[in-house]
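See below for the structure under consideration.
We call the chains A, B, C and D, going by the order they appear; numbering starts again at 1 in every chain.
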Amino acid sequence: MQSYHPTSEEFAWTFGGVPAVRKVSPGSVLELWTEDAFGGKVRTPRDLVSKVIEFPFVNPQTGPFWVDGAEPGDTLALHFVRIEPSREWAASTTIPLFGSLTSTARTATLQDPLPEIVWIYAVDQGSRTVTFQAKSGDYSVALPLDPMLGTVGVAPGALEVRSSLVPDSHGGNLDTPEMRSGVTCYLGVNVAGALFSIGDGHCRQGEGETCGVAIEAAMDVVVVVDLIKSRTTAWPRLESNEFIMVAGSSRPLEDAFRVSQADLVRWVSEEYGLTIMDAYQLVTQVCETPVANVVDPNYTIVSKVRKCYLPARSVYGGMHDRLREVGDAYADQNPEHCFGTRRNG
Amino acid sequence: MQSYHPTSEEFAWTFGGVPAVRKVSPGSVLELWTEDAFGGKVRTPRDLVSKVIEFPFVNPQTGPFWVDGAEPGDTLALHFVRIEPSREWAASTTIPLFGSLTSTARTATLQDPLPEIVWIYAVDQGSRTVTFQAKSGDYSVALPLDPMLGTVGVAPGALEVRSSLVPDSHGGNLDTPEMRSGVTCYLGVNVAGALFSIGDGHCRQGEGETCGVAIEAAMDVVVVVDLIKSRTTAWPRLESNEFIMVAGSSRPLEDAFRVSQADLVRWVSEEYGLTIMDAYQLVTQVCETPVANVVDPNYTIVSKVRKCYLPARSVYGGMHDRLREVGDAYADQNPEHCFGTRRNG
Amino acid sequence: MQSYHPTSEEFAWTFGGVPAVRKVSPGSVLELWTEDAFGGKVRTPRDLVSKVIEFPFVNPQTGPFWVDGAEPGDTLALHFVRIEPSREWAASTTIPLFGSLTSTARTATLQDPLPEIVWIYAVDQGSRTVTFQAKSGDYSVALPLDPMLGTVGVAPGALEVRSSLVPDSHGGNLDTPEMRSGVTCYLGVNVAGALFSIGDGHCRQGEGETCGVAIEAAMDVVVVVDLIKSRTTAWPRLESNEFIMVAGSSRPLEDAFRVSQADLVRWVSEEYGLTIMDAYQLVTQVCETPVANVVDPNYTIVSKVRKCYLPARSVYGGMHDRLREVGDAYADQNPEHCFGTRRNG
Amino acid sequence: MQSYHPTSEEFAWTFGGVPAVRKVSPGSVLELWTEDAFGGKVRTPRDLVSKVIEFPFVNPQTGPFWVDGAEPGDTLALHFVRIEPSREWAASTTIPLFGSLTSTARTATLQDPLPEIVWIYAVDQGSRTVTFQAKSGDYSVALPLDPMLGTVGVAPGALEVRSSLVPDSHGGNLDTPEMRSGVTCYLGVNVAGALFSIGDGHCRQGEGETCGVAIEAAMDVVVVVDLIKSRTTAWPRLESNEFIMVAGSSRPLEDAFRVSQADLVRWVSEEYGLTIMDAYQLVTQVCETPVANVVDPNYTIVSKVRKCYLPARSVYGGMHDRLREVGDAYADQNPEHCFGTRRNG
């Protein structure tokens, strides 16, 4: 078991461009901690992002980790055993000219920005809830805790370094609620060592992350790392007990849809032995397609198919099932921990 | 009870521009039949759409119906009690230069189109399944029947007449699997009589209708019609026992997202008494956002929120609950019918 | 010579759905008058559109005209001999939630709209200028008069009726400054008689019509009408002495670009005898691609190529040159008229 | 005078992430050479990009140059005195799944790619032409030489490193024909030293760079470098004798339009003293808006206004006029050189 809890000096703010903080071997189980997207600086309604955050120091990542033996052309597998809030509060906010229902620096208009407001949520591990409290009026509601990581990625290719705010083919800031415990994430390796990082925990998030900010929280994370040699993965793929999924990121949003659906069709075709046209037809009738984010530098859509509709074969050589067993063993050894959604698939 | 089973001469091919086939009173229960999107002409793998369909005679609608007392500024409520396939087979196909994973007349490229292929599905009411059979190889799979109507709409405003292939603020070809039995659809009335039509039944459909064609089937439909006077509805809204939903249609796809989310935020604000900013925050954390179609002249996204996360009040004055009771009474009187998903919400 | 000056009761507000006001024969020269987009109701800074216009009665069209012998599958040719402002003033304005630098009903945000302001311009036929006067401060500038028609179209196909605000394959509200005198516009005929209308004169317009409103003016128009039998035209094409052009309209804006470029490549290929790939290469190096509008229900881009870069052959059988001669004859017979840009090409 | 002719080992393939090759002082005149986008490897019709180019080693840049005293918050000014082809041939090509009239990795479809074909152009400095020769048939045409640089940029902000194929707020691969000799380009400085690079010469290019590849050529470049302290520039701005311009880059294409128009409105407002609303109105009526590229990772549109329509003041403190004088002095001292379009404005 390796544990790593970064100090604020050790955060990474980009994918690529920073040296590894640790070396890990395929098969390792890592106990990690991730700070929230605001570096823990938004703690009260007075902590406006425009005051407490100095851009670009936002969305700190834990990592990067060098994976022994990882080379371009391989696929990294990250199985999330546990993603749990590490504090009893979490924060959300509006940010001027950021979000999907406001003009932005790119969807540029001449209108005034929306007001900047902070909401602090109470996190209750016992009841598995996180509580919304309206700023005006007295409405409050306890929402189910559904912890996830907004940002999971590797160093990008093409010699690039990308901000931790960006989702793309290297993963990064996908902001999909599908990245929860119990899920295996497959990422194509672009550089030696893969150099993966994780961060941006959310206690829960609606599909689209409408105002641009989820219920942001520091997280305790347990992840199993493994490597599939000599197999490329073009776009981030996820696997749960029930679903295979692809996360496509681009603009406009229909291109994110096209990316995720086309890769899902090819995946079903290549790995399950259907022709492209048969796979296109089957996916058309059975896919689920939740929006992930419409606020980041690329927008993200996840396309997913229930395994029960596909020929009975596992993908990536059964990697998910093997990593799940490692996760189960970890859970058995740590009965005092909460493992959230992971057993539900 | 009014029943209406149109002949092929009675089909409507547009929303607006055609006279009413029947007059109905608010509160009526209608037993209707809808032909499939191909006018029933695609019955075997040799019935290519490019041969058997003469454009624009595609996607025939049953209607329009004149609703007594409906005027611009009112809202029409359609509660679907029953949507069930009326034949033992259904059809899907690819259509040259139509669909989301091909270039089209608008996403124009110089590439060759994909091949045109027909899949015929077996519908089994007993097992509640519809069976996919691969064209190449022998893979087949029985998929759960989840019947829905692709097209539900009223005559548009602005003096326009729109093809039945178009989804927009008047409803129309939304192609969302959420339009299933048990759901109430609210549509703003643009012209005297509202002039609503329905059609385009699907045995089931993935989210996005990727290849452009779902599992198309003729349907037996039972719908309760009602009217909310002097209340406008800008975009199609849906209500089930569990969810309130908005269907936004536009291009690019992010504008469909913006439309549906902004209207959902305003709905939550106006009807439940939250400020716009509190509603924006709450919707951000709890909405589900399935893609509906990325193939029609406008793309459609549905944004939905579980009622249990909202202050305990009904919307549109409790219309859904009242129409559900009418539907339950109908179901009690017709025990020999299958009512599919309606009781599940 | 036929002259027609509609009364306000005779305006058309749609393409399709209205009976012809006159019948004309191919080869006719028509003297027409078009009201401005506001029906002449915005005359002073106090005439806010939100007060004086009752939607959908905006952008009145002169027409439609029935063209003898026109049938689906033909191409209508409209050669503009003269487009000249008929009043000594013209108007522009901002309109709440309309324009490219504001959120709209589709690019929906939760922000407040921009202020609604009217600018009245002085039109000086003698100096060929139209004068901008700032609302705040004393800056004014005389801009060159470059009169054009924002809206030129035929009845659409697919049984549709479209608002005069919409640009699409039937033409309509293209809002391109290329629609000036001296230009021939080719439109595919969708219904018997073609049923073309014109309107929406602009004294001049920047490329994109950024705020949504050009310098709107009533116009005196002279147009020669002709017909090309048994030749289809998929998207509006324009021809001047120097250029061939295609106007593509869709959303997102890249689809308008794709439509206009792909049709231009096909036009160059089919009519000049280059392969598609050679035409693709040549167009890549020589096209000019001005944005037309980014404010209407579809956005429009014009792609154009100088004829001097193409093999020396005329298009549409030399129609433009023949109509230009008719126009020259008209100009010779009416020396007291101003013919603006038509001789410049 | 400083001259620099990089070897192939000295090329930069990114903006950011590479050390400076030279230090220069504000006011310097630099004589540079840029290799073509293919590293000079596409010389015959058999040199297919898919064979001779190893991605990501495409679009080599000359630089980066460290500018003494440049700091974040300053603006770099680059005035192009001379951009002239340095060889007697130039190359263009199609590239599989790259270009605007084909599906791509992001506008993903399941169709086959277009054929890969190379066109070699003859460059004639004497006649100032570059000659297109069809691959099929015998059509050829001499096109006017209009040399430009496709790629001009500085190191990006937010700790990022971007491929030389990307256009964005740091400049980069804008691919606009407006980047010709006689033009001053203003770029906001993001890192100490600014670290600007240039490359990607085109003998000429249509607006949109439709097939993805212009007439690619190595170039001899003379550029004057200067610095405006303590003034930020959000998006690349250009100034010629006649125009001020903004290059906006984003997806979808309407966002590139919005970026360039909104910045142009703000520029006119701030520097010429009009209110935002007056500037919005004036720009609406006078702007020209040529598409630059619809093929790169971001799409680019240029919005431009003739200075003669604006209050008589220079921008950026008269920087363009001063640098133009430096350029004129260089031209006087080098009468044997061709300076192309620079004197025309």
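One rule holds in what follows: a contact is a pair of C-beta atoms (placed from the backbone, for glycine too) under 8 Å apart; a residue touches a chain by one contact, two chains touch by 3 or more.
Every value quoted in this text rests on a predicted model; they were computed, and no experiment measured them.
Note on connectivity: the fewest steps through touching chains from chain B to chain C is 1. Compared on C-beta pairs in contact, C-D and A-C come out with C-D as the pair having more. If you average the Cα atoms of chain C and of chain D, the two centres end up 33 Å apart. Taking each chain's centre as the average of its CA atoms, chain A and chain C sit 48 Å apart.
In chain D, the residues that reach two or more other chains under the touch definition are 101, 107-110, 114, 251-252, 258, 261-262, 265, 280.
Looking at the complex, you find that chain C touches chain D at residues 92, 94, 100-101, 114-115, 117, 119, 132, 134-137, 139, 141, 143, 204-215, 251-254, 257-258, 261-262, 265, 272-275, 277-278, 280-291, 294, 299, 301, 303, 309-311.
Those residues of chain C that touch chain A in the shared complex are 101-103, 107-114, 252.
By the touch criterion given at the top, residues 13-14, 16-17, 55-56, 105-110, 157-163, 165, 234, 250-252, 255, 258-259, 261-263, 265, 276, 280 of chain A touch chain D in their complex.
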